[in-house]
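There are structures below to look over.
Shared between the two complexes below is subunit A, which pairs with subunit B and subunit C, respectively.
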Partner chain A sequence: MLRLPPFRYHRPATVAQAIEVMGEHAGDAMFVAGGTDLIPNMKHRLFEPGHLVALKGIEELRGVRIDDGHLRIGAAETISHVASNPEVLNRFPALADAAGHIAGPQLRNSGTIGGNLCLDTRCTYYNQTAFWREALGYCLKKDGDVCHVIRVGKKCVAAHSADTPPVLMTLDAVATLVGPDGQRSVPVRDFFVADGIVNSRRAPDEIVTELRIPLASAERKQAYAKLRVRKSIDFPLLTVAIAADLDGDGTVRSIEGVVTALGSRPHVLTGWGDVAVGRRLDDQVVDELAERAHKQCHPLENMIVDHEWRRAMVPVYVRRALEKLGAA
Partner chain B sequence: MSAATEIVRLTVNGDRQEVGVPTHFTLLETLRYALGLTGSKQGCDKGDCGACTVILDGEPTLSCITPVWEAEGRTVTTVEGLASREAPHPLQDAFDLNGAAQCGFCTPGILCSAAALLERTGDPTREQIKEALAGNLCRCTGYTKIYDAVEAAAAAMQNGASVGGASG
Partner chain C sequence: MSNNGRKIKSDWNLIGTPMRKVEGLDKSTGRALYTDDLVFPGMLHGKILRSPHPHARIVSIDTSSAEALDGVHGVVTGQDMPTTYGIIPWTPDEYPLCVDRVRYVGDGVAAVAAVDEDTALRALELIEVEYEELPAFFDPFEALEADGSTPYVHEPKKADWNGNVTKKVHLEFGEVDELMDGSDAVVEGEYFFEGSTHTAIEPHCAIGLWQAGGGFQRQDGESSGKLTVWSATQVPHYLHRELARVLEVDQAHVRVLQPLVGGAFGGKSEPFDLEFCVAKLSMITGRPVKILYTREEVFYAHRGRHPFHMKYRTGATAAGKLTSVDAEIVLDGGAYASFGLVTTYYAGQLLCAPYEMPAYRFDSTRVYTNKPACGPKRGHGSVQPRFAFEVQIDKLSERLDLDPIEFRRLNFIGSNTRTINELRVTSNGFMECLESVERESAWKDRFRKLPFGCGLGVAGSTYITGTNYPIYPNDMPQSGVQMQVDRSGRVAVFSGASEIGQGCDSMVAYIAAEELGVPLDYVRVLRGDTDFTPVDLGAYSSRVTFMVGNAAIDAARKLRGMVQEAVAEEWDVKPGEVLLAGGLALWAPDTERQMHVKEAFNLAEAKFGTLGSTGSYNTPKDVHGEYRGATIGASPAYSFTAHVAEVEVDVETGIVDVKKIWVAHDCGRALNPVLVEGQMEGSAYMGFGEALMEEQVFKDAEHGRAGLHDAPSLLDYRIPTSLDTPELQSLIVESIDPEGPYGAKEAGEGPLHPSIPAIANAIYDAVGVRMDRLPFSPPNVWRALEAAREADTLRKPILNPGAGAPTSTPELVPGD
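Right, the complex of A and B next:
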């Protein structure tokens, strides 16, 4: 049995009210949407806010619609709705694929797309009960000063473990954030920072209200591949998102690959354009791209599976994603 | 911070309930410890295993990580609400006849996931059944008999077996 620490639950009706309530309890409150990440983390005493400000009941955060050349997805839309939305399925199949592979059905019914963007980083030494963590002497990310993954490390290396952000990056999605000082737009590719403790540029009093994906991105061939132990429930051990612009004869005009679940933020694979642009995605090019990915991906012991196996899976999953992309 | 208590209003298995709970209670804690409905199980208690699955407005939901306030004003069906006064839910019959429950701990959650599936899809494929139950862990059966039972229940319902409980 894992009890939650005591808190008050606030259910504002609008974004403005949510920000006001957050302001009233500054420093002792957190926003919660689906709660599928935050609630277990609170049960593990990783967060103990005295107040939760709920976002899921806010109507203006819902809906998927086309407007001004973009597909606009309300941040409180559930993962289930995003995965099954016809516009998402038709235009951005890799996003539907990634969303449909998050956790299990019940978690997708509760979890939200905004929450997936804001998912806390994960680590074997962090996502544990308070008792477990105390027995080990805590860690850099929470309550301690030692990293158990890299003993001499001074920087937290907990892994970014969300499925949709790599895909959103390859589709040039932009997040809208609203806070006490107003609204701003942050491209998803600039949303994350290389710090496992807090890995996003969202301030604690800011709400992700919307994700906008340019409809032009629907022209790209897209694919997503995910490594995990079981085919359900598990967080990713590695994900690969790829998008490419191809000419009519299959010649690559541009290509981008993003991997995650390795470090604290998604990693844009470098050197892919040099390999593939002007060529077709034949076996030779696929091998070269997989090799490039393998060279620059170094999984850490921040998850409870063999990190060398995870590294060996990098080229395998890059190939699988490229095969999917070719078949799309 | 000391725990405050407030009254939450929700509909559980067709009954309107007003119950005082600590403000940090989950839906599962409210069901088990405030309403005495212990059918929904407290397994991992952190959203991994699916033993606490209930049907919230038609959707299978993990009650152990759902703050009770998210269920306020909404309709909750637990395993206790599947059967009617007269007869078990066809799924319960089929689980019995197919030996789909062994230790039984995962069964209430699986029944809820399966009942929600059959509400949406009267004649699911084996693949759809597997997908619908992918968030429910069973350590005894190996799932085969569970899938068989859900198929049998779907067939029985297509042939007119009635669902008389709160979910019907």
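Right, the complex of A and C next:
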């Protein structure tokens, strides 16, 4: 079995305490919630913090409730709870669908929705043991100076591989972050940056405390589709999240599609409004939307599964998600 | 007769009925002890430093800093064990740790024993190895063409030989070319079977304990000690021999114990570096030393399925009789020989049933490359050619407008016969296997008749029930069992068989209970210890039920005879009239006359003294030809299998959904149908996984670094989850083998073979696309579908029985 590097484990009772502990060990500490991403990464020596600050025991990070026109999900709620929560299931079925597609049951029982938002980017040259990476000669994201995917330049293209953020984006979800300088709100749409090394705007000493989804978003038709080889466990090879406001006769008022597991952040498909607004989602429109998506999506060889196939699956999965949405 | 899981009328009380596994409760409650569960006072933990280079000369190794680290008790390098070993005595090409050259990324270079794993890992970082990198071979065809201008993977045995060749085999039976030329139809195909590994749930683990002194003498007379090794191995006996030889300890002073093993599938059927390292490190430190592989190390240790590059030409008459088969096979062996000599033969030798072949030729070459060594995996050496051949038959059937099941029936080789390569076949239930899957899958109503995208495919196969000869030549029995009974009625069975989860401890217990009439829980199986269990050669080649089972019957019947005699004397009846059953001794003519079996044993002990017996089994020697290589592939009995697979192909994505596999298997007799079904389902599952997703592959120079394992983890090396697994229906066929224990043959490996070609043939039935390369992963299938769309051949194939076969000159169908 792979060994963990030694670290000290802190169990603060409140967010304020967690931030204080983090401050005491600045630069040598990381937050951990479910640990399903961080712990394997530590075993691979991708992170070797001297201190882990646990968030899962903090009561104020728990709970799913309706308040002030929003569904508020505590960031330390497990993926299982999110997937099975009646409010989520009724109002935001695409979110429940995406959460239910994460990993396998045991990992969903441990992993959290906040952790899924903060999932480290993944790459075939990165998510490997210390021995393997030494034999490789390391990579740009960790310990090296070459990207083996694109082989030129200094840009890390490790893939954003989380299932729920694309859905959260289409639902206009907002993340609450708390740090030493106080609290701020960041729309999930703006949470990510195009840098595979660190792909979010969250500072290392900030905690995602909550996700808020406007109840108005529940009026949207939603769909989620995930491409993977196995029916469980696998990270996405491609995900498509779509939400649309439709008139009573099916005419599109607005539509948004987000695709991920391609580059370092989820990609908001552009030009969809131009195609679909004012029209119904008939075969013609669906094909045009799929074609737009296909043109915009260029999977890289950052995963071991054939990138040309992944690209070819973009329009297929967009079409299937749209069909699901139409049937919803 | 087929029982389809129902109890059939039987002469036996227990045999043939569903029974628990004797260790089942321990395993399901977590009480069972595996090697890593064992902890000894003062035990150290070892780690192995591995090569980051695919091919390099070791210039120097400096272990001084590691040795100086607090908590480190011992460090060894290749120089400490400079003796080669190898499971096949003719190809010893491995050192416990590399001495002067590393041959793949992951090859062992040095090992450390320390107070804990973390200290051992820190010590590894302090070992300085200077390497001189060498050009490496990754492609078997490039390795074959090597001219010696760069170092071969191994030094050639003769100056003008290519050191990259492990073994070449060329065998020819009958008039291959003449019969091929005279065929009404010839199908030619090129196939590739990707490598795959075993993924046993338990990683390799070993503990070494050296006890110095104690009056143990070395062979050279020098005072020495006693070496004990616990290991998760399939072959304690071979490990016993190799430990003694390599470490220069008298074999009588080496003890190998095999705790319960968490699966093996061929991946633990030879010695590995960790077993030598724990032993040597214990000899140096005087303390027990444990090494447990990481999952990554299991991928490097490998010994899994060889990638096979195969070309087949298969001819038939217009009436659908096979005429001639011509095969050319290149095996990508990886860095060491392992079982490769046998694999090279098996690649050709095991194809000659269940169909009659008037002529057969194969040319098989195993090549070394700088990758982890390939070896035996469930269905050793014969799963790959079986895939190719069963697809060839499907193509031939179509060309001749014959139903592929009918084609197979037409060519059935029969029972009590010899194959073209002179292997003796006795019992053969293949026709019943075909009939079972045909009936249960409603084949006649559905083949070629399901909607586009849905399909059925059939395939058949055969497999050995044990190899007829041991790995090192000797005339001693292949298997031995010892039994004793005590005054409580308890039966102790000392069995050398290797329990790797397949149920061999249970199997000998069932036999003891059946023969001696005791309840099953009166039997205690003492196992896996070379100090006190008789030799069994190991859990490989599906030999255990047949060979150990016969040895157990032999031992039990000797004891039973004594008990019958003693009871007969007491009752003044004939010994043959005394039955032992249900915990009782009974008089057959009047079963009211009875006594507890314990009393019967006591009577026997009073008459004969302490009760014990030994039993053994050795193979018949007249079951093969006389040509060079004739013994490889020879077996006392062969199992037969047929599968029908049903698939649904998503033509947009290439995702193949295998909905169901009907698995009919002739196991001779199902001693315990539950365990037989478990083996059948497990085999079909494993074949299905290889068919759809498994790939032991490596990066190339354009992708990171050549020779680096693509994904040595169970996240990225995908095996099917329970959600992916199709419905599996087991259909047991019992041909009652004349020489098997109660008629039993094997069930552990044979039922894997047809999964893969049955799925390939079903994909063709679904969409008209041939998948001649494994795996049928979504990207690979999608590419094949795209090519068919381009060529406008993507459609449901048409069945046109009776349309008449070509009678003109044979027409080659290139790329068919």
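We take it that the second predicted complex is superposed on the first by the 328 of 328 C-alpha atoms of A that agree within 3 Å, B and C clash if a C-alpha of one lies under 4 Å from a C-alpha of the other, contacts with A are read in each partner's own complex, and residues count from 1 in each chain.
In the analysis below, a residue touches a chain if its C-beta (ideal position, glycine included) is under 8 Å from a C-beta of that chain, and two chains touch if they have at least 3 such contacts.
Remember, it's a predicted structure, so these values are computed and weren't measured experimentally.
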Which superposed partner A:K231 touches (first subunit B, second subunit C, both, neither): both
Partner chain(s) touched by A:L2 [first = subunit B, second = subunit C, both, neither]: both
First, second, both or neither for A:K154, with subunit B first and subunit C second: neither
First (subunit B), second (subunit C), both or neither touched by A:I39: first
Partner chain(s) touched by A:M313 [first = subunit B, second = subunit C, both, neither]: second
First, second, both or neither for A:Q106, with subunit B first and subunit C second: first
Which of subunit B and subunit C A:G50 touches, first, second, both or neither: first
Partner chain(s) touched by A:Y125 [first = subunit B, second = subunit C, both, neither]: second
Shared contact residues on subunit A - subunit B and subunit C: 1-2, 6, 104, 231-233
Subunit A - residues contacting subunit C, complex: 1-3, 6, 104, 124-125, 127-129, 131-132, 134-137, 148, 227, 229-235, 301, 304-306, 308-309, 312-313, 316
In the complex, subunit A residues that touch subunit B: 1-2, 4-9, 11, 32, 35-36, 39-40, 43-44, 50, 52, 54, 56, 80, 103-107, 109-110, 231-233
For the subunit B and subunit A complex, residues of the former touching the latter: 1-4, 22-26, 42, 45-48, 50, 53, 59-62, 65-67, 69-70, 113, 131-132, 134-137
Contact footprint of subunit A on subunit C as seen in their complex: 50, 52-53, 105, 117-118, 121, 203, 292, 294-296, 652-654, 693, 703-705, 708-713, 715-716, 718, 720-724, 777-779, 782-783
